[in-house]
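Presented below is the structure to which this report refers.
All chains are identified by letter, namely A, B and C, in their written order; residue positions are counted from 1 within each chain.
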């Protein structure tokens, strides 16, 4: 029963959402809208699960009890402490000062959270540079073709290209629109089919990983 | 009021063909037909990766990426691989760390890993604290995983799931600590980053075939075969439409 | 040269280049791409008082790249008296979107409720996108400030996608794909995307098939749009740093290959 009931719910939900897509009948629309509303409600509750799990793991890390060396919990403690302070501070600011334009909440968001996130995102530029230095080697003919295409695209995507020749930008768009797109479409078709069959396996109950790790 | 929406007819036809192909594959395999999947290097390397971590006394890190939630087929596919990895890490008594951005994925992963430890015969080796939720924010999650990689220096890293911009940040950090990295995602952009930075990359539907490859479950293998048949049908359709459109550029029967 | 040393040299050089590029002013020749021209022309030709939805589907991390695109599109829309309904399918995008929309509206003397409104954040983006196709007030019974939708003058005649000219998804990920796949495919809603440069190629298949109306991507896209709008902004300013970074990476690739071939020649000589 513990497995059969969730499987039955999964099958029924999947079948209903599949069938309603092809119907204009008001009943189909009503069922569809109802499921969308419940989807939102269930998701809202999962946010509580996340916050509770985060607080539990954070408090464990920063607790005064002797940490087991193998878990490395002690080294995480300062970061978890800061995270917990942030988790508590933002709702307090929102409740006390509101979230309107000019509120303390928005100030902290604009001047602390946004710059911190942008900083981590900016690491990507540095990592792209080091990965390019390491990865783009003309070891084989296909690698050389890839390398030359990369050079064309890198140059063609900046205004500097226009100072050399207009053809560089045209070559860039050609590479993006034809060979690159063809390869990407092929991979996307494969991924689309894989997604479809995985979803079908879940609906039909063949795939049960979400249930208790059963396959 | 019409029950059926005629504008969805092409979608219905294609859906029914796809379901028919999947059912044909399932029935064929039940009647004794054998299907095999070619060797997938990334999946073959799982044993070596876990073994390496055990020898070096460092943990294995597995993360499903920030881009998806549990309803996404890519996340389900990564859970299948997690199940396999969890069994092996329990068998070798190697620590498995699983940070995630979604509380539902965390809950499912905890069950998957617990089940894996049970199947391996070592339920006591399950550590719930090592499977945890970090944050739903993309770069907060990326920064946290980077921090974990830098501090714990795992010998093996599995980056399997839906990734977005955080992919290269994690992969390069893993590369910097000298970890063996097995990656797979459904994003074509991030695949390119993984191919450069990781040792093994599961491309396209190799990630979805993992379930059948690792479990050798006949029902799942049959759906992988169904994917191949559908791909063949799509290729046939594209070729026919290509030839037809070349001969008659004004034709449009193949559009919808 | 050890791996770590090489990494630090690359990182330090790139940082120095970026700082220098932002410190000097060089005006680069910018030619608008077909996609940016298409976007500009469409918004320019929208009748006054048309309503559009602008969805801030991005996080704070991509703000430096996304903000120039968002600002110039909002300014263009407000200049042409187009009414804007803001919303977000990302929790972080909510505060950013509200802040940007309010600030930009202030530049043009636009009033909240008449010329623009901000509906706020909705989790479970797929159900929100699909729900808006049936009834926007069903998905957003109140706006971000807690005002009932029906008491906002702008929203009185807005029922669903049929009431709006287009949806502009400002995204740093694949959220715009969901707009295309659900609002576009199911409800035939016109979708335009403002994207980070890294995401542009993801959307090429949708652009080619016509499922996505057009794209404004990255700092270059923002700079091109600013040129058409007639007012340079942060897009144009950042383009020099981006150009220098591209040239630096090209140089790194060439140097990397020179080192590789020299090493190979050395091994052959010894062997």
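Worth a mention:
Everything that follows uses one rule, which is that a contact is a pair of C-beta atoms (placed from the backbone, for glycine too) under 8 Å apart; a residue touches a chain by one contact, two chains touch by 3 or more.
A quick note: this is a predicted structure, and the numbers were derived from the prediction, not measured.
The central chain of the assembly on a C-alpha centroid basis is A. When you average the Cα atoms of each chain and compare centres, the chain farthest from chain A turns out to be C. Of the two interfaces, B-C and A-B, the higher number of touching C-beta pairs belongs to A-B. In this assembly, the C-alpha centroid of chain A lies 17 Å from the C-alpha centroid of chain C.
Averaged C-alpha coordinates give centres for chain B and chain C that are 29 Å from one another. Taking the mean of the C-alpha atoms as each chain's centre, chain A and chain B sit 14 Å apart. Shown for chain A are the residues in touch with two or more other chains, namely 47, 117, 120-121, 124, 128, 130, 132, 134, 184, 188. Multi-chain contact residues of chain C, defined as those touching 2 or more other chains: 7, 59, 61-62, 92, 198, 201. Residue positions of chain B touching 2 or more other chains, listed in rising order: 136-139, 165, 188. Across the complex, chain B is touched by residues 18, 21-26, 28, 46-47, 49-50, 53-54, 57, 60, 70-73, 75-76, 79, 83, 116-117, 120-121, 123-124, 127-128, 130-132, 134-135, 184, 186-191, 193-202, 206-207, 209-215 of chain A.
On the side of chain C, the complex with chain B involves touching residues 3-4, 7, 59, 61-62, 91-92, 172-174, 196, 198-199, 201-202.
Of all residues in chain A, only 29, 32-33, 36-37, 39-40, 43-44, 47, 99-101, 105-106, 109-110, 113-114, 117-118, 120-122, 124-126, 128-130, 132-134, 136-139, 147, 150-151, 154-155, 157-160, 162-163, 176-177, 180-181, 184-185, 188 touch chain C in the complex they form.
Within the complex formed with chain C, the residues of chain B that make contact are 67, 136-139, 164-165, 176, 187-189. Chain B contributes residues 1-5, 8, 11-12, 15, 18-19, 22, 70, 72-74, 76-77, 79-80, 83, 86, 95, 102-104, 106-108, 111-116, 127, 129-130, 132-140, 142-144, 147-148, 151-152, 165, 168-169, 172, 186, 188, 191, 193, 196-197, 203-205, 207-209, 211, 215, 217, 219-220, 223-224, 226-227, 230-231, 234 to its touches with chain A in the complex.
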